[in-house]
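Dropping the structures in below, format is structure tokens.
In what follows, chain A forms one complex with chain B and a second complex with chain C.
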Partner chain A sequence: MIWQQLQSLAGSYPLALRGLGVTVVLSLISLVLGTLLGFGLGILRTGGNRLISSVIGAWVDLIRGTPFLVQIFLIFFILPELGIELDAFTAGIIALTNLAACFICEIVAAGIRSVPTGQVEAALASGLSRWQRMRQVVLPQAMRIVLPPLVGQYVLLIKDSSVVSAIGLTDLTRVGWLVVQRVPNGLLVFFLIGLGYFIVCYPLIMLARRLEQRMGAAHGEVQL
Partner chain B sequence: MLENFSFRTIVEYLPLFGQGLVTTVWLSLVSFAGALAVGIVLSAMNLQRGWLFRVPAKAYIDTVRATPLLAQLYFLYFGLPRLGFVLPELVVGILALSLNSGAYVAEIIRAGILSIPRGQVEAGVASGMTYVQRMRLVILPQAFKVTIPPLLGQAIVLVKDSALLSLISVAELTRAGQLLASDRFMPAEGFITIAAFYLLLYYCLKGLAALSGRWIGLQPARSST
Partner chain C sequence: MTKTGMIDFRGVNKWFGALNVLKDITLSVEPREVVVVCGPSGSGKSTLIRCINGLETIRDGDLVVDGQRLGDPATNMTRLRTEIGFVFQSFNLYPHKTALENVTLAPIHVRKIPRTEAEQAGRDLLAKVGLADKVDAYPAQLSGGQQQRVAIARCLGMRPKIMLFDEPTSALDPEMISEVLDVMVAVAEEGMTMMVVTHEMGFARKVAQRVVFMDAGAIVESGTPDEFFSNPKTDRSRAFLSKILRH
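And then the complex of A and B:
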């Protein structure tokens, strides 16, 4: 019985690999786009323009206040009604990128706010341009605060990518769902699916933890 | 375009949305209570010196944090019947949410307890307090305050995560939106309405978190007797 199931599972191996591929590619694209967009939004959010800042703040609240599943449904089912045709993969990337950008925006904004004003004033006094101030003075110092939660956010992004299976995208979770219809052993199938995610996510969790310790230690030294 | 957005249909389906909202609220409350119980046990295990309790607790917490809730939900949903537990979807959902959130709650409690300065513990020892007295009178009252804001943050995450239960056909808020979307082919009406309801819950919890933050800030340090 269990032997037959294992054989059947071994037959699903190419499908599982493809699912893992979809999960990784989807996460990676959204991770890169979301990081870029998130940094841009975070800089704008702390840029001093009240209107822009509050518009971004309202959008972030909107995204943080609704379940990701609902966001995916909204994008996948409503954008076509507005005349924008898109497949499940694109919808998944839009939803994940938007989600990541909103969370990263807040992380980056918190990092920028943590840089003492004296630093910005010193940069101003040295005649640095706005861009130079941001790139050479503020961001390098903000990174100490930003980096640990940023890596943590990547873990959340990879896990949230499992929700795109709800609109029929064949990612790792969806593969598990398909396989379990044929091989009725949910424990085994989803143990293996979980293992796939664990292999991708656990190193990142360890990295986030180490960064936190190192950055925390560095921070302590500065405060002394 | 959305020019034929039908408010009438939304009003017509309002009882369904109301039921969904009520279900989401109470199942989130029950799951949060479960998460607190799981979290307290796990953090107590995790703070032990010996490895016998600490290692399993750590392994559990890391496993939960490194895998998606949806995979955990399916693991229980498809796995429990195999072990002979045939439970209603709602119970499976509450179980999954409690077990998942419990791991995060454990980390929050642990961080709260570890945030108490060592001097406090040492002062307790110097005053001749036993371990239980130190925990009850010195550490926990202070740790409790620190953990309230992040616990409310976790409650927000839990309410949003509960939307995934619609995928194992629990009749909660997101399911109500799906029903409207599929019965009447009105996804906009269905999903925008439930998004609004979730935002309502979000702002309530966020307001509560802000209030609790202020309450903690204002709370004067208790003088020792």
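And then the complex of A and C:
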């Protein structure tokens, strides 16, 4: 019987690959966009403008303080009522990008705040513009603090992407739901699904660990 | 309009909360003049020179630097800062950049000098401060005295009109102080306008035209080094000098 199930599972192989592909593509796009947006928000969050900083802070708290599933439902089911129609993939990208940006914003802001004020003063005193100070002096030093938790956050977000199956996107998790209807062995099916996520995430976990060790050894001098 | 110096304080006041850290400061520094500022800790001497390049802002009074009034909307502070070198007590070198990169960063990005040219100038400057063999070293690989000399070279790379020194030798081990002071003497002898917060009275005697003594946010006394050291006029300056010259 287990042999039959395995054979039947083997038939679902293309579907599983497609699901894995959706998960990877969805995660990749959202992580790239979320990282860009997150760095932008993090820089603004620590910039001089109180109003901008507190608006961003409030938004980040709101997103961090509500379940991701609820956020996806709001974007996919509630926005159309306001006349904004989104397909599931776009809705998934928006929700995941927003989530990523909010977490990354806080990581980046913490990194920027960790750079000693003397560094900013030295850069100011030599006449570097605001952007040059950020790009040449602050960010390279902040990266030491930012990189390990950033990669760790990527792992969390890839796993969070499984929530998009709730709005009908055929990602890896939804493939599991579909397959288990034909092959009634939930333990086996979801073990394999879990394995799929693990294969994507494990290299990142290793990378985060290595970065952490290297940053610990580097005493503030990171070669980027 | 009276004649203006390179740095002109006129009735400058500054508060940190309720604390009046600069009290009615009036002081004019001529081009090529070297002024040493001394006084007990907390007397406002660091604050005084930090105001000159806008690291601190003043509450009232006028501060005119190189003909430009600070706080005036017409004054481009970033531009003005390129004319003012600032040497910090704690060096503040960029830890992720080599000595040469520390020196060339602002010339390349602010002055827009071509990289090869800036690097040549940077090597020359590092040689001038006695660090020709350390161009590729990172700050963490350098001693305090070497780091401070790189910091001075970093300022000189911008060809500033004014150099400000905020206790440049206070964070150094005693055996490294003279190597930094030697560089500062050389800079002074080339005719740089300098304000130096320091207790190194040997340096003051050697190159300063004027010593300014501050206490509790006010300028208490000012005069030539000879006048000040051999014949201090106020009780407070006498008390201060007896403390720092005792050893």
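Definition applied: the second predicted complex is superposed on the first by the 218 of 224 C-alpha atoms of A that agree within 3 Å, B and C clash if a C-alpha of one lies under 4 Å from a C-alpha of the other, contacts with A are read in each partner's own complex, and residues count from 1 in each chain.
Going forward, a residue touches a chain if its C-beta (ideal position, glycine included) is under 8 Å from a C-beta of that chain, and two chains touch if they have at least 3 such contacts.
Treat the numbers as computed from the prediction; the structure is a model and nothing was measured.
Undergrad: Go through the superposed model and pick first if A:Asn185 touches only chain B, second if only chain C, both, or neither.
TA: A:Asn185: touches chain B, not chain C.
Undergrad: Please tell me which partner, chain B or chain C, touches more residues of chain A.
TA: Of the two chains, more chain A residues are contacted by B.
Undergrad: Regarding the shared-chain residue A:Gly65, is it in contact with chain B (first), chain C (second), both, or neither?
TA: first
Undergrad: Of the partners chain B and chain C, which touch A:Phe39 in the superposed model: first, second, both, neither?
TA: Touch partners of A:Phe39: none, neither chain B nor chain C.
Undergrad: Name the contact category of A:Gln136: first (chain B only), second (chain C only), both, or neither.
TA: second
Undergrad: So in the superposed three-chain picture, is A:Gly118 touching just chain B, just chain C, both, or none of them (first/second/both/neither)?
TA: After superposing on A, A:Gly118 lies in contact with chain C but is clear of chain B.
Undergrad: Between chain B (first) and chain C (second), which, if any, makes contact with A:Gly127: first, second, both or neither?
TA: second
Undergrad: Which residues of chain A touch chain B once you look at their complex with the stated criterion?
TA: So the residues of chain A touching chain B come out as 61-62, 64-71, 73-74, 77-78, 81-83, 155, 158-163, 165-166, 172-173, 176-177, 180, 184-187, 189-191, 193-194, 197-198, 201-202, 205.
Undergrad: Using the touch rule from the top, collect the residues of chain B that touch chain A in their complex.
TA: Of all residues in chain B, those touching chain A are 1-2, 62-63, 65-72, 74-75, 77-83, 156, 160-164, 166-167, 174, 177-178, 181, 187-188, 191-192, 194-195, 198-199, 202-203, 206.
Undergrad: Over in the complex, which chain A residues touch chain C? Could you list them?
TA: The touching residues are 116, 118-119, 121-129, 132, 136-137, 140-141, 219-224.
Undergrad: Give the list of chain C residues in touch with chain A in this complex.
TA: That would be residues 53-55, 78-79, 81-82, 84-86, 88, 90, 92-96, 105-106, 109-110, 138-140, 154-155, 158 of chain C.
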